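Here it is, the structure, as structure tokens.
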Amino acid sequence: MTEAAISIAVLVQSDDFDPTEQEAALLSAGAGVGAIVAFTGYVRGHSGGSTVERMELEHYPGMTENAIRGIVEQAAQRWALGAVSVIHRVGTLRVSERIVYVGVASAHRGDGFAACEFIMDYLKTRAPFWKKEYTEGGERWVEARQSDSEAASRW
Amino acid sequence: MTEAAISIAVLVQSDDFDPTEQEAALLSAGAGVGAIVAFTGYVRGHSGGSTVERMELEHYPGMTENAIRGIVEQAAQRWALGAVSVIHRVGTLRVSERIVYVGVASAHRGDGFAACEFIMDYLKTRAPFWKKEYTEGGERWVEARQSDSEAASRW
Amino acid sequence: MMRILFFADFREQLDTRQLELELDESCTVSTLIARLIRQGGENWRRVLESDNLVIAVNQTICDAGKNLVDGDEIAFYPPVTGG
Amino acid sequence: MMRILFFADFREQLDTRQLELELDESCTVSTLIARLIRQGGENWRRVLESDNLVIAVNQTICDAGKNLVDGDEIAFYPPVTGG
């Protein structure tokens, strides 16, 4: 599991995906994998007091994939990783549907936890996606959160 | 997703399990779940220069489950969690098989990352499980690692 | 020719997803913005002078001083909110 | 009656998974250990005086000064290595 052997998969798609299949793909990085840390983000049913009915996710095709790959490559320079898979959905998403998946396979768990959280924090502030919420009260573009900038600036 | 509503599942079993099914169960904590952080530990194929053929995992029935539940309850006091599921396998496990799963559902990802890593670090040093490795060169009980004590003492 | 892209809230406010313009001589992103505001009016000023404006040239984030050359792809968008 | 359990490496070294003993009067874990070594010999001394010995009474970790009462379950095991 040298740095040269790291396998990176980045997908932006409207379809849902199966975390167990993602995990199987990550494991194929080899018998040196001792840990997979996986983050999955979901559409929450409430936002600022309103009940969310659905979301629309927009992205910048090309730049989005490149930005995510760049973030993953930064993570691979900082921690010892075997394989990383990132999937981000776009289009219409309903409450409790998956939005994003970041799976990190590594020999040791410390590398996996740090890299997975780093990738999510950076993705939240640097990958060109935008969310529009549809609530009872109408539609609105989600505003960037200060807490996300702070999370990313820790690293 | 108040603290009172947290749902905790702890299983010690010889059978394998499906992470996607675990995730579905965690999601049933409700529409407030925005994040699931899941750690899965695997049998590594190498240990201290030897090729591992299989492992035997022993535990202390009763105490193990109570210890894990106590660790999860500590986590639930420190972070805002919706549901936690811990599965630890015992018996014979081969290379690349799952050993342990810790899944944490929460509204926000920071709580999930911290709680999942905390639970793993504590489980590693406090839950009564013991691993025996079978390699080409024979069998041996795995020794406790200083790095695991250090990881747990951070919290 | 430059390709200019707008995303999310900005795309909706300007009712414009994409436009193509001939490159002016010695053009920077700033001079492009000034030209778009001159042509588009108050609505365009509000978007392109927003504190929230993010600029990417050829899919790399940069500031308004960036020089543009023929064939560049310039994107204007608000802070990202994915994940 | 006390139930005494051994796990992992200790279980193998002593070839004993579990044994039951009548409680002595005013017994602590220390006096129990001394009695087991007296009965068992050098092999038992090596395990029960090991720096690695973890003691649990009624499934709660404690030290050798812990007082024992009738019905207690005492476990001796090495540092845990799960996860």
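For clarity, chains are labelled A, B, C and D in written order, and residue numbers in each chain start from 1.
Criterion: contacts are C-beta pairs under 8 Å (C-beta built on N, C-alpha and C of every residue); 3 or more make two chains touch, one makes a residue touch a chain.
Note that the structure is predicted; figures quoted are calculated from it, not measured.
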*asked:* On the document's contact criterion, could you list the chains that touch chain A and likewise touch chain C?
replied: none
*asked:* Under the document's definition of touching, what chains do chain B and chain C have as common neighbours?
replied: A
*Taking each chain's centre as its mean C-alpha position, how far apart are chain A and chain B in Å?*
22
*Distance from chain D to chain A - Cα centre to Cα centre, in angstrom*: 49
*Taking each chain's centre as the mean of its CA atoms, how far is chain C from chain D in angstrom?*
74
*asked:* Counting only Cα atoms for the centres, state how far chain B is from chain D in Å.
replied: 27
*At least two other chains touched by the same residue of chain A: list those residues.*
41, 120
*Each pair of chains that touches, named by its two labels*: A-B, A-C, B-D
_Which residues of chain B touch chain A once you look at their complex with the stated criterion?_
18-20, 23, 27, 30-46, 95-96, 107, 109-110, 112-113, 116-117, 120, 151
_Give the list of chain C residues in touch with chain A in this complex._
5, 7-9, 11-12, 52, 56, 59, 75, 77-83
*Can you check the complex and tell me which residues of chain A touch chain C?*
41, 57-60, 62-63, 66-67, 88, 99-100, 120, 123-132, 141-145
